[in-house]
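Same chain, two partners: subunit A is paired with subunit B first, then with subunit C.
This part shows the complex of A and B:
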């Protein structure tokens, strides 16, 4: 494909990917560089139907009643409406955890009912620590655990992409934790896959060290990632931190998604990760959903963040 | 005070929007295959259904009585005091002053609270002497100690 005037060489692709990984911090601050890259003539020639396209939503915290967002049900409804108006039905929607705020049966009922309104063939979830507050995730599993393994993990294949959903919100000591049983599942799960299979991993807490002092990391993630090192394209999507962030480490790119409920401070900004109350009219800039698409033959996934503004 | 957060109106993190892929895009949704071959995880979305259930008000867990005596406050994601010393037979009451929920979980498993919403309280009677370290299981970077003397 290098002889096509509109394609990049493999080296260019790699360089472009690295540039993207490095520039994401800038994107959050400014966005202009990134929009420039996305607005090139080439971008317009994207096939209208990628091989795979899905949406990520996260941290709806149904049941939260603080002043940082007096209407989390309203903003989650808005997020659902945003997904339903993407102009296409995503192949699936993933909710990366903290569906509820206090893991009550009523909150699980409500969030499940609301997600039933998503226009998509499949809705997948992983639990957040708010979904497993006092029962090691039992209420979460009764609401969303059907067909999963262990404490709620699973994997599936769609359009040639291998998708793995991990649970790292149980048995917390300080950081996110996967545990031996889940690590064994992961090792066996990916063992038969060819190394050119694109792999996508969902978890609630980041699998990279975003800010360990606030618990924004997973203590045994290094072990998990060692099983994924041989794959040419690995994309990890998480929630938990209530803000968009990205980082590339070798073949693995990590993307933290934002929330539909309330923002949290940037890492280390202030004494604790407590809900931020923004000035009037600013909240919906900080909330959002994410579109992800993948075109066969390309190493990297395309991500687009949409605020609820 | 929270004047800055998440700058971009539209954080367009588009990447790799490359042309030159000549393979024909699939016309319909790709199918999902589960390794287990058993029941599929997840749930189905629904066709158009604009009616979202109305908001319900989540209840907070009771109102906080005045904190007195052997009390620990949870404030700003910290237990105050970090070390509390009481005599055996005392009852300690924790009060969550944060908007965020917290829990009280002993490292040795001897006691644990349910999820405590804002202003909720939890009490536990320490019958025997000893040193009891505990954490918040939602935010396990929060930790403190109750020292029980004879």
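This part shows the complex of A and C:
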């Protein structure tokens, strides 16, 4: 055993084993201490419950019929059930667009009825491009546009948080587009707010350049974000891309949510973002809802992704 | 010299580990996959720092280099194609991104320096082992050298 200059004696093996054990033990202990510190730091600031809790659901595509998900109504019902069983009633639920697949009155009616089963005081929506296929969003506005401004945008305040819903799907060329009127609304809307107000922005198409070649960006988002840069915490939530994705740019964090209908490929995988048919039993891993909570005094929102599995 | 390298190794690993731990505690814990990766990196870095400072074997330095190299690759991915669906821009979050990258580059640099320093003595050590063996059993060594 000791003939070769590279071979180890039994004593050396034991010694190295001890060092390895110490390395693993210390790494685990270190990780535990850090996790505990994170838990304690959070517990210090968290009162009995977060200041604001809401759920995001997206891209239900009611009316879609295809191999990628032959039962979008069933999976959307499952998503609603998941929200209703979070263990608390969310302060509101936001649907970030593509409620329907073909924007027919029957599909709008069906999705509206289904969302009526949500155990929450408020349901908010923004339209996706599938909700405004042939009429620039008129049927969407008839069904969900009450209390909104312009082409369906609006804002509200809840638990000290300013929430803004933007519409970037009605004047699509290749990328999402907000337009001058909506940008003016946004500038005026945030102007009176103090800079320490937490801001949450909803839109269907991402406000960041996730993958412009597939239209996964908004061409005038830079202008919109320039009005929000002064705020210490800005969280932008979107749908459209049918997958979870996160990105930070300074004080602005972007989170793309997944879908309840069918997955799309990762950016650049293949020529176009076409519905993916997953192997049997895997679809519900790719579908889900998002739980979001905000604690006063925290900069970041806490997000929890829940699959429909 | 080796002692100094050990101290520097421990310092750079500790800085990178603490930086990741700070970010984990202050928000990154909530990002799926990235949170777990941050706490793993922090725990492992701090453990390696302690053990290298305590005079642990050379493979701990290799482990430190692999981990720091991995962290640098992960940083590059998060600024380009994304990592587990997570992406950030430039040197955000400031100043922790700069501090971590600098510490990890230094760790890899120290590992390279340590490898270079140990190359010569290793060859000499092997020569010494061969020489000792030749002296102990001259016949067998001649045979093996002919082969």
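Note that the second predicted complex is superposed on the first by the 261 of 309 C-alpha atoms of A that agree within 3 Å, B and C clash if a C-alpha of one lies under 4 Å from a C-alpha of the other, contacts with A are read in each partner's own complex, and residues count from 1 in each chain.
The definition used in the following text is that contacts are C-beta pairs under 8 Å (C-beta built on N, C-alpha and C of every residue); 3 or more make two chains touch, one makes a residue touch a chain.
What you see is a predicted model, and the numbers here were worked out from it, not measured in a lab.
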Subunit C versus subunit B, contacts on subunit A by residue: B
Which of subunit B and subunit C A:248 touches, first, second, both or neither: second
Which superposed partner A:303 touches (first subunit B, second subunit C, both, neither): both
Partner chain(s) touched by A:150 [first = subunit B, second = subunit C, both, neither]: neither
Partner chain in contact with A:278 - subunit B first, subunit C second, else both or neither: first
Contacts of A:71 with subunit B and subunit C, given as first, second, both or neither: first
Residues on subunit A lying within both footprints (that of subunit B and that of subunit C): 16, 24, 27-31, 34-35, 37-38, 243-244, 246, 299-305
Sites on subunit C touched by subunit A in the complex: 17, 21, 24-27, 29-32, 34, 39-40, 42-44, 46-48, 50-51, 56-57, 59-60, 63, 82, 85-89, 92-93, 125-126, 129-130
In the complex, subunit A residues that touch subunit C: 5, 15-16, 19, 22-32, 34-35, 37-38, 41, 243-250, 256, 267, 299-305
Contact set on subunit B toward subunit A in their complex: 2-3, 5-23, 25-27, 29-36, 38-53, 55-58, 60, 76-78, 98-101, 103, 112-115, 117-118, 137-141
Touch list for subunit A against partner subunit B, complex: 1, 4, 6-8, 13, 16-17, 20, 24, 27-31, 34-35, 37-38, 40, 42-43, 45-52, 62-68, 71, 73-74, 77, 80, 84, 89, 91-93, 101-104, 106-107, 110, 112-125, 129-130, 133-134, 144-149, 154-159, 165, 172-175, 189, 213-215, 243-244, 246, 255, 258, 263, 265-266, 271-279, 282, 285-286, 288, 295-307, 309
